[in-house]
């Protein structure tokens, strides 16, 4: 039995609210149950230095949590002088996931940064960030298209993400914090609208897992990501 | 004529929404027009080191802005390795303002940290932070009282804050961003429910100002802070 | 009774010694009693980056204390990796105060930095810094004028500063360390030679203060700053 | 055709040389072709603070590259003030992989740190590090056993790692630098001696990959890791 | 001909003024011509952590330059986040030099820090620092003796320092800035009152130097240091 | 009797192995007994900014130790955010020593960086670094010559270094760790192939030393450096 009483293959209620950041070119407040992330896409008229002169742009992401997003207050990373290893891992993952579905040549020598700020955290903040960031990015590209800033279609597909894990021996979808902290295996899947895999990250927290278990988790994730993609379609419709 | 068409003595619409941060002991989403700040109070069962053994506690504050709270994206301070001078000034001001109305002996050897995270910024983020932080602090103290953690009445008074300024020669209340960036004089007032002054910070951005002008601004602030205190009373009623 | 036996409205003996830094374009060793600050103005043939091409210059300040300026040794800020919040607040205040009396267009695309290094600290280091920095800045501008580097009169007025406070219920002028650490209210005033207010910073350390008390402190500061301006005039005569 | 002319399922020549660091409790110079990593295990008689009093120990890893390990010199991370995100990701991965095969209760309240310093880098430094670090860790545990420092069998299994990828459309094993920089998909697998999966990290660098491709890569990795485990057995025999 | 017209074996005028820092346990303003260093000794009732329980104390030094001590303004090191390599070299040298003449057992488990802050720099700041720091340290030890804090005689000898160099082919004593920046060879000697060598640091800036030249420079330094020791004796008499 | 049983004037066995770093323009693994340093020279097609336009280049060095090079593991400096004072002293010394024998005009506007990474440390790492770095630099210059990148002969002489010290009252050559930690006096000499002195650094760890002792140590170093130069000649023959 999951602490939330959900069935093994059940996600938490998901909502995607657009246009929440007044000044951003695109934004989305994504909720996976009690996990809330504010995603805001910002357009900058300058590509990063190492890309200049190549006629294409860049999409990147930053990630942070408010100190009291969590059950216990966590210290701000600015007080340690640098983003933690975990923060860097997550923001690199979000950036890679978005770039997998963008044609960087179409946006010209510009940069889009999607900020994912976790207002409340109950597990799955990185997968919620990817799913919401896609909506913010989508709206930023719509904003650019309306201003004739795109050289052609820039968004190639949807991208969404979900965590899965083995909790008390049972493969389950979309772990919340209570499950996440006790799961034997924890895996994040990033998938496109057409069902391709962008990223798999599976870690045995306790005993190693088998090939069969990996396949079961992947199956759960495929079904879940397909649902997320439907919700994205509704959100931007 | 103010850009917002407000009368010189008119504040922006203010709202104070309690209980917005699920895990915090007290919280408040404060809005001064388009300036939105999420204030969350966190209780820690340990006073700061320099206070230990003195039988009293501490109240402090931290302040930050989301990168895209502003019209243009601003870089995260963690990437500079330290909070900016401006951030430090503001969080020290919020902390001092709150301590002015708390009896630190009543909370025991504990620390309450009020995080003020600006979700959207249209001027006056520090005064909104103080006004909202009082509500979060209030609720944290209620939470403590319900658990018999207070030695006696800890909250001595309300505290609220407003900015004033001289804009195109006219003293006006509660500057928004469009005014703030062009005001000749900019002053922040922090005042208690009983009308005492906790902090005055007045700066001539252009020509020096006179004693009479300072008095006019103080008069505006007094009226405005009294209104904010009434809103706080309604919010926590 | 003040610890120093001074009358409430009495400043400490003030001296302003010019030309103490052999290599600086302007310099002044200012003493407010046992508070000694070495102010040195340095001219740089380059405006800050964000100002380039605007045909005007910039005046800024930096502030630091020698480790054993104080009764107890304080650790050097370089060992913490960054200036403290207090240091940043003070150097921003000194810079703003000086810019209030300089016509930045007259100095061309250059920068003048006034370093205020506290050799000995007995309270009031920021107000002594402002008062002495004006002399160093004056002499730097004289140096520039002698070399035909000014486009016109650059120095619009004097600027000087004093602290006031309520000590054992009595409003007093120019707090020394013994008073400062026990004052109920602490206020710094920065004023021009013509009596305009450049900056007011008043803080209730204990109970909030009233409008009447603020006026009394302002009155003390006006008289005191007028005396400092007379001393500046003598110094640069 | 692979740049190295290797068959798709062929690893580079692997060697594991023990005892190369005179002062370390265990050490191994691991070579995967032209990728050379010096792994040294250090025993410290103190568990990390957050683990104290729990009667168990910790195994961790650190990772670094010599500046000229690479084709072009890379700047030392100490000059940036902190380890890069990539370095942190890798050292966390190596640590997790080792902990998956150690019974931390058996080593008592101690910490073993395995330093993985890349002397020469031709792709696959993280997988070589894990494979070599296991040998260094093994020898450290033997050293401890000889001194009666273990409460029982501490090493539960072997652990080894390999990268796979899709290069010019063909799934290949053990990517070198020439392949790695052009692979469409890049996946790292960490596996135990008994064939369990400890970690999977698959990333689409270009087009998303399919479930079938993931399975093919996993199959390659299983065969390869089994060979690495045989080499580890020979090395410590 | 030296730029200063001094004879090769002539030092600049040296003065040692005691008691210049009101709050320090010992202090000295040392001048070697236009090089001025304020040395202040601070006693702390606690030895460094690594020395605790050994029944002895520590003497250390810190060094810094005011930004406009130099011909051109130099940036404060706090803005780089750390002391420069040069600063660290000098403060380690001053500390070692002082410890060479102190019996650390006699001062108990305490630490004396001598701060050397360069007010004005015209070459030879490190040698002036050592020479003045000895006086500050002497007075701190006298202060401690007067309070019965010493277990016995703590100061074993004088220590003083001078630079020498080969300038336009001629060995000269006590280089000023004009010489220092053009000397072919630059050597610093730290010597005790009884003529022992505590430290030699000789560097060929241009062509290597010979054994004979090293001897000549040492001879100059011996004569000079003996004079400095006489001045120290007068100063503390 | 020395711990190693060596005669006072006997160095440890020295080896200089070229070409150990596959990708570097020049490299050398130098061993002074159990002290092993990997030296790698990297050519960069750009002089440092402060040198641009002067038609000459620069030679610099960096130094680091692997964490378990030493008897006890030392923490990586990257975790402190900056190179230690000791590291900076050493890398500046190595750089100065190499520049003493290079004609910087001949290498054009380029920079050569020699990285000295200590794989194993048993005393004398800085002298071994200098001695090995010369070989790496030599081979880098040969590499440049083969590509017609030199304007003329760039390498003017050999440079090598040795430590000497007074151990139990006896002057000895080439201190190992066991001696170094107990020597009364410790001196490093850097000398050219023609016998000139590039750098002398002598420090009294205990009692001051005399002129005669300094001469004896210099004599030992001269003989030793001459042997090192012979070994360099053999190595690059």
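Order as written gives the chain letters A, B, C, D, E and F; numbering starts at 1 within each chain.
Convention: a contact is a pair of C-beta atoms (placed from the backbone, for glycine too) under 8 Å apart; a residue touches a chain by one contact, two chains touch by 3 or more.
Values in this document were obtained by computation on a predicted structure and should not be read as measured data.
The chains that touch subunit C as well as subunit D do not exist here; no chain meets both.
Where touching is counted per the definition, subunit C and subunit E have no chain in common.
On superposing C-alpha atoms, the copy subunit D sits rotated by 120° relative to subunit E, to the nearest 5.
Here the spacing of subunit B and subunit F, counted between their Cα centres, is 59 Å. Between the Cα centres of subunit B and subunit C there is a gap of 28 Å. Between subunit D and subunit F the centroid-to-centroid distance comes to 33 Å (mean Cα coordinates, whole Å). Within subunit D, residues 81-83 each touch two or more of the remaining chains.
Taken as a graph of touching chains, this assembly forms a single closed ring in which every chain touches exactly two others. Starting from subunit C and moving next to subunit E, the ring of contacting chains follows the order C, E, F, D, A, B.
Residue ranges of subunit C in contact with subunit E, taken from their complex: 21-24, 27, 34, 38, 40, 42, 44, 62, 64, 66-71, 73, 76-79, 81-83, 113, 115, 117, 119-120. Contacts from subunit F toward subunit E in the complex involve residues 81-83, 85, 88-89, 92, 96, 100, 187, 191-192, 194-204, 207-211, 214-215, 218, 222.
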